[in-house]
Amino acid sequence: MLTMKNNLINKFLSSLQSDVPACTANAYRLLNHGKLSKTGYLVILPVDQGFEHGPEKSFSNNPLGYDPEYHVKLAIEAGLSAYAAPLGMIENIARDYAGMIPLILKINSNNMLKSSDTSPHQAITASVEDALRLGCIGIGLTIYPGSNKFDSSIREIREIIAQAKKFGLLVIIWSYPRGEGIRPNMNTALDISCYAVHIAALLGAHIIKIKIPDNINGLNNIIPNLDNISDRIEKIIQSAFVGKKMVLFSGGNSKNLDILYKEINAIKIGGGNGSMIGRNVFQRSYNEALEMLNGINNIYKEKNI
Amino acid sequence: MLTMKNNLINKFLSSLQSDVPACTANAYRLLNHGKLSKTGYLVILPVDQGFEHGPEKSFSNNPLGYDPEYHVKLAIEAGLSAYAAPLGMIENIARDYAGMIPLILKINSNNMLKSSDTSPHQAITASVEDALRLGCIGIGLTIYPGSNKFDSSIREIREIIAQAKKFGLLVIIWSYPRGEGIRPNMNTALDISCYAVHIAALLGAHIIKIKIPDNINGLNNIIPNLDNISDRIEKIIQSAFVGKKMVLFSGGNSKNLDILYKEINAIKIGGGNGSMIGRNVFQRSYNEALEMLNGINNIYKEKNI
Amino acid sequence: MLTMKNNLINKFLSSLQSDVPACTANAYRLLNHGKLSKTGYLVILPVDQGFEHGPEKSFSNNPLGYDPEYHVKLAIEAGLSAYAAPLGMIENIARDYAGMIPLILKINSNNMLKSSDTSPHQAITASVEDALRLGCIGIGLTIYPGSNKFDSSIREIREIIAQAKKFGLLVIIWSYPRGEGIRPNMNTALDISCYAVHIAALLGAHIIKIKIPDNINGLNNIIPNLDNISDRIEKIIQSAFVGKKMVLFSGGNSKNLDILYKEINAIKIGGGNGSMIGRNVFQRSYNEALEMLNGINNIYKEKNI
Amino acid sequence: MLTMKNNLINKFLSSLQSDVPACTANAYRLLNHGKLSKTGYLVILPVDQGFEHGPEKSFSNNPLGYDPEYHVKLAIEAGLSAYAAPLGMIENIARDYAGMIPLILKINSNNMLKSSDTSPHQAITASVEDALRLGCIGIGLTIYPGSNKFDSSIREIREIIAQAKKFGLLVIIWSYPRGEGIRPNMNTALDISCYAVHIAALLGAHIIKIKIPDNINGLNNIIPNLDNISDRIEKIIQSAFVGKKMVLFSGGNSKNLDILYKEINAIKIGGGNGSMIGRNVFQRSYNEALEMLNGINNIYKEKNI
Amino acid sequence: MLTMKNNLINKFLSSLQSDVPACTANAYRLLNHGKLSKTGYLVILPVDQGFEHGPEKSFSNNPLGYDPEYHVKLAIEAGLSAYAAPLGMIENIARDYAGMIPLILKINSNNMLKSSDTSPHQAITASVEDALRLGCIGIGLTIYPGSNKFDSSIREIREIIAQAKKFGLLVIIWSYPRGEGIRPNMNTALDISCYAVHIAALLGAHIIKIKIPDNINGLNNIIPNLDNISDRIEKIIQSAFVGKKMVLFSGGNSKNLDILYKEINAIKIGGGNGSMIGRNVFQRSYNEALEMLNGINNIYKEKNI
């Protein structure tokens, strides 16, 4: 084999053994791109907040963000691993930026206009065929374990996952516990997060995005006290088929850079595969964002652990 | 390139970059038709009120409107950009008036016979195949962001949008916030309107129809006080991928011509792409409607801004 | 052109302009059959009451009606325009009576065994493919405008209508306002009946069956007092694309022949296209039914208006 | 014609007139098999109770019944007309017993593990393709007229029936009134049973299985007092297209042989076409079952009426 | 049964027993049309010579024939049973003449532009779907038994025949022995004609067109000397499943009316079902053609034999 592989990459590739070769090809397109090329780490820019929280809340801080072109340009210049967005955003840049960065089509989306008493659910907004015609290397899907609509949601996305795998598209699942089955303030409890990652793995995701878990338990099965973030990350990775599935962590709300870099470091120490950071990027100025992403990439790339 | 393009047209064409060439061809068929040909502005006559409000409420003021032939004739004589209507209306004139004006098939419809406590929703009443066999240049779809049925509605129309794009049909989304998620009297709040336009853009619409927004906010994220209609229009256009998607504004209920022309002027100043006017047209006499549409076309065509 | 056409026929044929030629051929098969051949009027025997009301309520008055062969024989001998029934009824006679009378396959059916609090809805019980293999000239479908299941019902039948049109099958819609959205005793209100006819026309029906409307209004939009049945019929015809769609009226419950003939006369004066009469036929003896149908045919055929 | 036909057989064959010849061929395979060959009567062994009531309740009385082979052997030795069972049961014997007895694949099944407040409904558990690959002569389907899920159930099985008819498979419908629309203790009311049989006939069933009706009415339309079982059977047969569809009666719960034989006799006198007997068979010992089935066959075959 | 059937019709209907009921319906549409309605005889006008021999050779004698409308008008006015032509010809008249005469779509065609040493073969020029959308009652296909391309030709048309039968379209085969396997001047030899008719019957044709056979044998198996045309016709009918398939005879080249009428008479005496006459019709003036067709119809209809 010509490609040098490290342990992270090898474990991930082993989990693609039942997929078509095109899936491995897409995995390499992702793993060999940007500043983290061939490291087994990924930093991905997702811009789906316009759908999720509305354009004003998402972009009014930095109005350049209203233009779909802004984000993909930034992702390329920052040397990120991939850029993920809903249909309209990808369609608007897919030809002009074709081949410059791996694209991930976000296939379902939530919105804040619903009445607050509805069960959490994301509407399907694009298809595997869309991802193929737009030249994407994968699709993104959000699930809400704990929602009363989770069963019907599984039925919807099961068919999409199956179709994506026919064509070798990578499947990235955003797994966010939420809904009637989750007690208040327990959405990021460690045991629930482990369960959420495991369900995504069982559903056939290749890559799983999750929030950094808190040191609490939301179910009966008690996980011992884990003060360090990196220990909790390690616990999460274990639930993802002992690291054979890639796990990325979200950047969450805007925060202090020192705290952010500390979290990134903990993700790396705990065996995580990287970050998906959206709001923290596009709600800063272009140059501040570049600087921050440079800092994150450097942690994943250089720092010894 | 042989076609002279202005800035409005160029921005719109850039947003078709991921569609098949047939889509650009249909865009030119629309942009190069009628009195506003090659201006980048559109005035479209939609007649879907028979389904939405019933024939009596729609046509009894001007009983000639019961005949499907009446409307397409008027649209042609007025030099409008296109005519949009549900299946039965288009089927009844598609052969006799073939080639005389761009046709848009309205693919879903609401009706007033439902009990008032149901979530807002439009039933699918026609298909992409219907639009193709009838020679239409695009399809029209209404969405109700804020309805508890919005998610399942998105699932329904997403497939239709995807199929339309295979064949290069233009996709026009009527985006009307309505339902359990919208607080009373907030259907036309500015921030909600921005959100509604943005969602339509993200769903892949090429052209978006929306009501003229009011100077109020219906969500937590506050947009500053914007007294002038044109400033609010500008805010809407920003949410439509900074004007790369075309945005048309509905004419609403019958009103005074001076107020109407003032609104049209504000749409133009704010960067809007034109109007879809239905009831205001067919609830006047034929000659009064022609005169009014002439006035509107003249504003979009001639007035300096 | 060799065939003499009257105004009723011409208007109807104009509404087939977007259909395949096979549809016009099936229209002629229907319009040129039986005693009303070439008049533009139709009298059709529908026998779907076995499904709708059960066999006892339907046939115990005249037990010969339990046999599917009884009805088609009667329809042929009476010189009716067509015979309409559900799958099992048509399958049982389609070969033996092939070519003797135009057949219409009723594609959906309701039943009285449901609990009374369910929204009115008809289950799909047959397909376009069934209609084709059985040699039918068209399909029949019931819709319940006003039902909370109306939207999903439209979605179901829209696909069937589209497929029927590929093969030129005529589409006959039974449009019966019913359900949560209709106030008590308003199922046959004139304005609601107009709305129901208009919706069927917009859905692409070629022929619409409706009940004779009453001189009341069930919505806000008031139609002036119309004492004469024929004036109300005229209002209905106006809502059916000013008579371009054919409208047939149901015969309703058994009644006095004088009243019935008076209604038939009013249908003719008001511009209606004929009658669909079921129970009134098969709940009389064979000879009484023949006599009554003869009387009806004569009114449509001979009487000056 | 070479085959001797009696009146029962002729009536049944007339109802196959719109089906493909393969269907008539399968009818003869069924009608010409076993001890009742060429009589127009059928006795069929159905063993679907393992799915419906669980294995313990079904087979613990006679533990040999846990083995799928037990039942088909018994059916063959008893000279029955056919053997009907769900997928797993048929798959387990289809090769070893190929050609020895007509097989009917039960295509849907209920189970007792659901919460008790759900509407009665059977899940689809096998396909027409399964029936064909396993060499069956027909498929069996249960419907629950009266259930609030009846409409959607019809939609599911309609497609299966249509596909079965393409390949000439016989369609046997188990029609069991049950659910929200049926008043307590009225599942076997005579008028409801007539309705249930009639609906199955209208859905295109070739053979209908129903329980022996009781001398009560569950709907408004009163059938006169009918003390004799045979008179009630006759009423049922009338609703089955005056006997053109075959009607089989279930054996119900275990009971005294004298009562059972008396019922079989009444079925024959009333014009019924035979019996489907399951629990009454496999909850006796092998030899007792053989003896009982011999008694039943003899009544259908020999006894004068 | 209500329709009087004669022996010719009964034999033909018996050969439709394995087809769907729609096929019997189309048979009645054909058998019950025109001056020979209900006689069991058919006279059909085929106009495929423009493709076969070029427009000049076909239409220059009577230039009105260049217009597709000319032929269908003539066929209708002459009261013929049906009109048969290739795609373009039927498309040009299908809507305007819908329902006025049964249409047969000729699905393959030969042409004279090939080099003369190619094996006789007809190119597929239309589809079953075309026949359905155009409202035809059947399709026509030419085969050339004896051609070295006959095997591949069978493979092509077999699929078309199968699809036509799904929808109940009648299949009319023009069976013309021709090619490398037929010795010179033996194309119309009696034994070869019998063989050609039999092959068409075996391929599933419902109606077979053939030339009037000559009193010669072209194969080893000797048929005794048959001086009378009617005896040779009888021999042909015997090979067409003893008359259960309908056999029509071509009118051949223009000739003397006395000779033609004599041949028609012989066809009738020999048990043939009628004629397909093309060139003999449209190479005369309109009035002469009407007169000739009247004469032919009269022989089939009235003359005692």
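The chains carry the letters A, B, C, D and E, assigned in the order they are written, with residues numbered from 1 in each.
Criterion: contacts are C-beta pairs under 8 Å (C-beta built on N, C-alpha and C of every residue); 3 or more make two chains touch, one makes a residue touch a chain.
For each chain, UniProt lists the protein as follows: A, B, C, D, E = fructose-bisphosphate aldolase.
Since the model is a prediction, treat every value here as computed from it, not as a measurement.
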Leave out chain C only, then trace which of the remaining chains are still linked through touching and list those groups.
A, B | D, E
For chain D, the least number of touch steps when starting out from chain B
2
From the C-alpha centres, identify the chain that is farthest from chain C.
A
For the two copies chain A and chain B, what is the rotation angle that overlays their Cα atoms, in steps of 5 degrees?
75
More Cb-Cb contact pairs, comparing B-C against C-E, go to B-C
Could you check if the interface between copies chain C and chain D is built from the same residues on both sides, meaning over half shared, or from different ones?
different
Between chain B and chain C, centroid-to-centroid distance (C-alpha), Å:
36
Where the centres are mean C-alpha positions, what is the separation of chain C from chain E, in Å?
39
Chain D and chain E: spacing of chain centres that average the CA atoms, whole Å:
49
CA centroid of chain A to CA centroid of chain E, Å
69
Residues touching two or more other chains, restricted to chain A: which are they?
none
When you draw the chains as points and link the ones that touch, which shape shows up: line, ring, star, complete, or other?
other
Going by the touch rule stated at the top, which chains touch which?
A-B, B-C, C-D, C-E, D-E
In the complex with chain E, residue positions of chain D that touch it
17-18, 20-21
Within their complex, chain B touches chain A through residues 14-15, 17-19, 145-146, 148, 150-152, 154-155, 158-159, 162, 177, 179-182, 191-192, 194-196, 198-199, 201-205, 219-221, 223, 238-239, 241-242, 244-245
Please output the residues of chain C touching chain E within their complex, sorted ascending.
1-3, 20-29, 31-32, 73, 76-77, 94-100, 103, 132-136, 166-168
Provide the residue numbers of chain B that touch chain C in the complex, in ascending order.
50-51, 54-57, 60, 63, 66-68, 86-96, 109, 111-116, 118, 121-127, 129-130, 133-134, 156
